[in-house]
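In order of appearance the chains are A, B, C, D, E and F, and numbering begins at 1 in each one.
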Amino acid sequence: MRFSGRANDELRNIEVIPNYLEHAEGSCLISFGNTKVLCAVTLEDKVPIFLKGSGKGWITAEYALLPRSTSVRTDRESIKGKQSGRTHEIQRLIGRSLRASIDLELLGERQIKVDCDVIQADGGTRTTSICGACIALGLAIKKMKLKRNPFQHLIAGISCGIVDGEIMMDLDFLEDSQAEVDANFVMLETGELVEIQATGEKNVFNDKQLMEMLSCARKGISAIIEIQKKILLG
Amino acid sequence: MRFSGRANDELRNIEVIPNYLEHAEGSCLISFGNTKVLCAVTLEDKVPIFLKGSGKGWITAEYALLPRSTSVRTDRESIKGKQSGRTHEIQRLIGRSLRASIDLELLGERQIKVDCDVIQADGGTRTTSICGACIALGLAIKKMKLKRNPFQHLIAGISCGIVDGEIMMDLDFLEDSQAEVDANFVMLETGELVEIQATGEKNVFNDKQLMEMLSCARKGISAIIEIQKKILLG
Amino acid sequence: MRFSGRANDELRNIEVIPNYLEHAEGSCLISFGNTKVLCAVTLEDKVPIFLKGSGKGWITAEYALLPRSTSVRTDRESIKGKQSGRTHEIQRLIGRSLRASIDLELLGERQIKVDCDVIQADGGTRTTSICGACIALGLAIKKMKLKRNPFQHLIAGISCGIVDGEIMMDLDFLEDSQAEVDANFVMLETGELVEIQATGEKNVFNDKQLMEMLSCARKGISAIIEIQKKILLG
Amino acid sequence: MRFSGRANDELRNIEVIPNYLEHAEGSCLISFGNTKVLCAVTLEDKVPIFLKGSGKGWITAEYALLPRSTSVRTDRESIKGKQSGRTHEIQRLIGRSLRASIDLELLGERQIKVDCDVIQADGGTRTTSICGACIALGLAIKKMKLKRNPFQHLIAGISCGIVDGEIMMDLDFLEDSQAEVDANFVMLETGELVEIQATGEKNVFNDKQLMEMLSCARKGISAIIEIQKKILLG
Amino acid sequence: MRFSGRANDELRNIEVIPNYLEHAEGSCLISFGNTKVLCAVTLEDKVPIFLKGSGKGWITAEYALLPRSTSVRTDRESIKGKQSGRTHEIQRLIGRSLRASIDLELLGERQIKVDCDVIQADGGTRTTSICGACIALGLAIKKMKLKRNPFQHLIAGISCGIVDGEIMMDLDFLEDSQAEVDANFVMLETGELVEIQATGEKNVFNDKQLMEMLSCARKGISAIIEIQKKILLG
Amino acid sequence: MRFSGRANDELRNIEVIPNYLEHAEGSCLISFGNTKVLCAVTLEDKVPIFLKGSGKGWITAEYALLPRSTSVRTDRESIKGKQSGRTHEIQRLIGRSLRASIDLELLGERQIKVDCDVIQADGGTRTTSICGACIALGLAIKKMKLKRNPFQHLIAGISCGIVDGEIMMDLDFLEDSQAEVDANFVMLETGELVEIQATGEKNVFNDKQLMEMLSCARKGISAIIEIQKKILLG
């Protein structure tokens, strides 16, 4: 049994404080158990050079751990003078995922930046960021009153892993550090896949296990999307 | 009259959530009106090179604005590859101030790092950081159960300024950007001065105005220290 | 039909020049069609700090594009002063993959660094790097005559994608830039999975398509591993 | 008594070589005792982005220690790849101070850069820089023959401190390193205050001591301004 | 006698694979014995700021060692965050030399970048780079079919040194590390000098020795230029 | 005729202020006409890693332009975050040259750092640095009273160039920017060569011109060494 008493396919408690920030176009403070991420959306009237004159917009994400979000203090990347490989990898995943939820042509020549700052880390910060970013994006879109709504699909992500041979959903830090296989799934509200990143950290995995993780993830993502709907539509 | 309706020598509403973080040795989320800073204390069993073998400890502080703490998004210093001059100036002020509240000999060869991350900025982030850091420090000291308590004095800071010729306390962002003179005062609970930084941003000032700001600041700091006492001793 | 005339599940022509470099412990120049990567193995008698005293070793990888490996010249990362997010993401993937082929306990407190420098890029540089790195690793292990052989499994990777609704293997640059879905699979010679990274670049995908790409990839990887065997055992 | 034999409110010997450099629009080599700073003014026909189109100009300062200005060699910031926090703090102080002496509207859309390079450091380098920068600025303004003179006020700074309980002016390095309280004052020729930075390095201070330091500083600044006048008007 | 059996004034075996790269405007893989350099030419339709509007073009070079080009692995400059002094020195030499072979006015407002990436290092990488860059340049010029040919002169470089009192040409790494004097000569096909860099690494040298090295170098350069001619004209 | 009225083989006026700095082990402010360089020597009781345990010492040099040493202000390298290629090239030349004047075995496991900071630049800053560094080194050696004197030879450098077809010595900035060929020579007091760097900036040169420049340089260096002797021995 899991230390937390959760069933293997049970999500942690999810809480969202929408519009947590005064200044951002959209924002929320989202927590999955002890993992807590502040997501903030900025709309800018310019696009990266490679899109100038294309009529299309862009979404990108940035991700950071606050120094004491972690058990052992994490040094500031501003002092080290560069972002780590892990940070790059995560913020590229978040950005790619969000691009699947937005119609960049409808957005027009504008850029959306989503900042995901981890206030507290207890496993699953990248998927929590995606789930929160989607809500912040929805809130921002409402506020911006664009003529054409570029926000096409709710999107959510969840981690699954194999711990002691068992497939588990929404791993906390302790489970994550013991996992033989660690996977992150991102899907649209339609159940279609946007991104899979599955890694045999201490072991390999087979097709059957992949399918089981996928099915487990789909169940979790479906529950998360219900929460997103309540906040954005309710 | 001030836009907020406050009297010239009236503080904004102060709220503190002590022990906001799971992992930090001590922490709080402190707000002065819309300014909101997350303060977190880390104790490390090593000191900077210049103190090795001295038997003395050290306190230092780091400060950062989250990207959407500000009205216009502030670029991440980790991406620019270095901390700005403003960041350096502020975190040096916070560190110097905290060193006045701790007996570095009693601390022994250990280092305390205080992280002040601005969640939302509406003027006075550096003095809010000092006030919150003092609370986080007090909470950490309690938790650490050191043989000898190195925490000697409560410490607090507040801004005063001259706006349209009138001396005002605890300026919000709007007032700060219109101020002719901008000053920050840091004092111990004894009322003694630890640091003054006073700048004629758009105008000069005379001795009388300095004394009036000082007296106004002392009043505010005294009220803040009462709040600190309630949290730490209550 | 594919521009190159290949069948959808057909690999490009693979060529390997083993021991291409004089100085490296093991090396090869590997090409998949026009994609050409120089892989070089270095063995160092030290490990990263987090493994000191653990008795275990480490493998890590570094990846770079030579400036004119690409159609439009790519600026040097040494002049920009940092590695790009893409570089970080790729070299982390290569390193993680290789760790599945080596028994880090048998390696002992030593570190293997694998350099993958792309001489010419025409799609699939990250999976070509993994395939070449495995060969360079095998050649280095032979040369080093370690008491205990830490090299446990041949490993290979291949890209699959969905282009115009059709599943294709081993995409070249042109196909890659038109792909709706882009996936990279890494497997051991046993057929077990080590890593999946699948991304809906311009579209989403469903479970059936994932399974088809997986099956297609397994076919390609099996052929690549036969080539590796001939070089290393032949 | 002070080691140098000076009275507590006595300045060190001040020497100025005006127009020390051939190329600069204005320059001087200024010394306060053994502290020696080279100040150079550059006028540029462009302003920072935030002032474009405003019709207003800008003054900014840069400060550096030459490697052997100090007793123990100071590493070059160009090799460390960034300016230190101390450097940032000091050059921001110099820049802010000089902005009080210039009417930025009269300057028009031009930028003045003042370089303060410390040839030899023996305490008080930041206030020596301000005093020398004012002279270099005055010399540059003369040379430039602008239609409207933007140079409004002579400005000077001096350090005061509390050493062994006694208030002293113009501390040298030895005194500075023993000081309990260290303060820097910047004033216009009118005696009005532009900036105060007072820090309890090893102790706190009270209002009376602040007033005494202020009065002591005013005496020193008045003497410095006489020297400035002789050079610029004589 | 030399370890390799070569006569003191004998070049190593020179091999050139012209047009080694698909994407570059011109390229070659050139080897002098075990030293192997990949040279690639890029033509860009823009010039550095200092030439804008001048009607003149520019050539510049960049140089790097691949990590395992060397016997002991060389750390990547992209990870160290900057190019070393040695790299700067070498690429400036290559750039200056190439500017002697091109008429920058005939080139027009265009910039040529030549990348010299050392695949394997065994002494003489900078002169090998110059010799290969000249060939890559010639191949690029052919391909570009410019109205006016800016390529005026073949150019080549060679190292000479004094080892154990004897003057030797085209030193390999072992000889280079034992040399008392190390010199690099760059000449046009006319025999005229473009650049000399001569350094007494472990000893000084006199005019007679300089003349002998110069004459020895001229012989080698003349042979190299014959090879260049065969490739470019043959 | 030269603009300055000098003969083609005539040095500029040379002035030296020995022991210009209080703190450095040895120092001088040296000027060749309007070129003015501050040279400072530091002795450190540690050597670079590659010499640890070798019993041998090391000399290295650092070079920088002060911002307004130049006619158009040169941006600080500390702000750009790195040293330029030109700076690297020059400080490597100075360091190599000085290593010819010192017996590194007699120096023992110690490192000498020579800082050459250009106060004013008017051509020839690198050779002026070498000449001044030699004097500062001699003064430092005297002061350090080492058992065995590692300082073996006086050393000096001078520039020669070809301007309008005429060979000239000790070029000022104007001459340097018009020179077809620019060469720097470094020699010991014995007249033996330590380093030659000769570049055809706008033209090539032949053996005869090289010999003439060499002979002209030897004449100048001989005069400079007389000046060095007077300062160090007088």
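Note that contacts are C-beta pairs under 8 Å (C-beta built on N, C-alpha and C of every residue); 3 or more make two chains touch, one makes a residue touch a chain.
Everything quoted here is computed from the prediction, not taken from an experiment.
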Each chain counted as touching subunit A and subunit C at once: none
Shortest chain-hopping distance from subunit A out to subunit F: 3
Numbering shared by both copies at the subunit B-subunit A contact, with half separating same from different: same
Relative orientation of copies subunit B and subunit F, as a Cα rotation angle in degrees, nearest 5: 120
From subunit A, the most remote chain by mean C-alpha position: F
Chain separated most widely from subunit B, comparing mean CA positions: E
Chain centre separation (subunit D, subunit E; CA means) in Å: 50
Length of the line joining the C-alpha centres of subunit D and subunit F, rounded to whole Å: 33
Multi-chain contact sites of subunit E, meaning residues that touch two or more partners: 81-83
Arrangement of touching chains [line / ring / star / complete / other]: ring
Order of the ring members, counted from subunit A so that subunit B is second: A, B, D, F, E, C
Complex contact set, residues of subunit A against subunit B: 21-24, 27, 34, 38, 40, 42, 44, 62, 64, 66-71, 73, 76-83, 87, 113, 115, 117, 119-120, 122
Touching residues (chain side subunit D, partner subunit B) in the complex: 82-86, 88-89, 91-92, 96, 100, 183, 187-188, 190, 192-201, 204-207, 210-211, 214
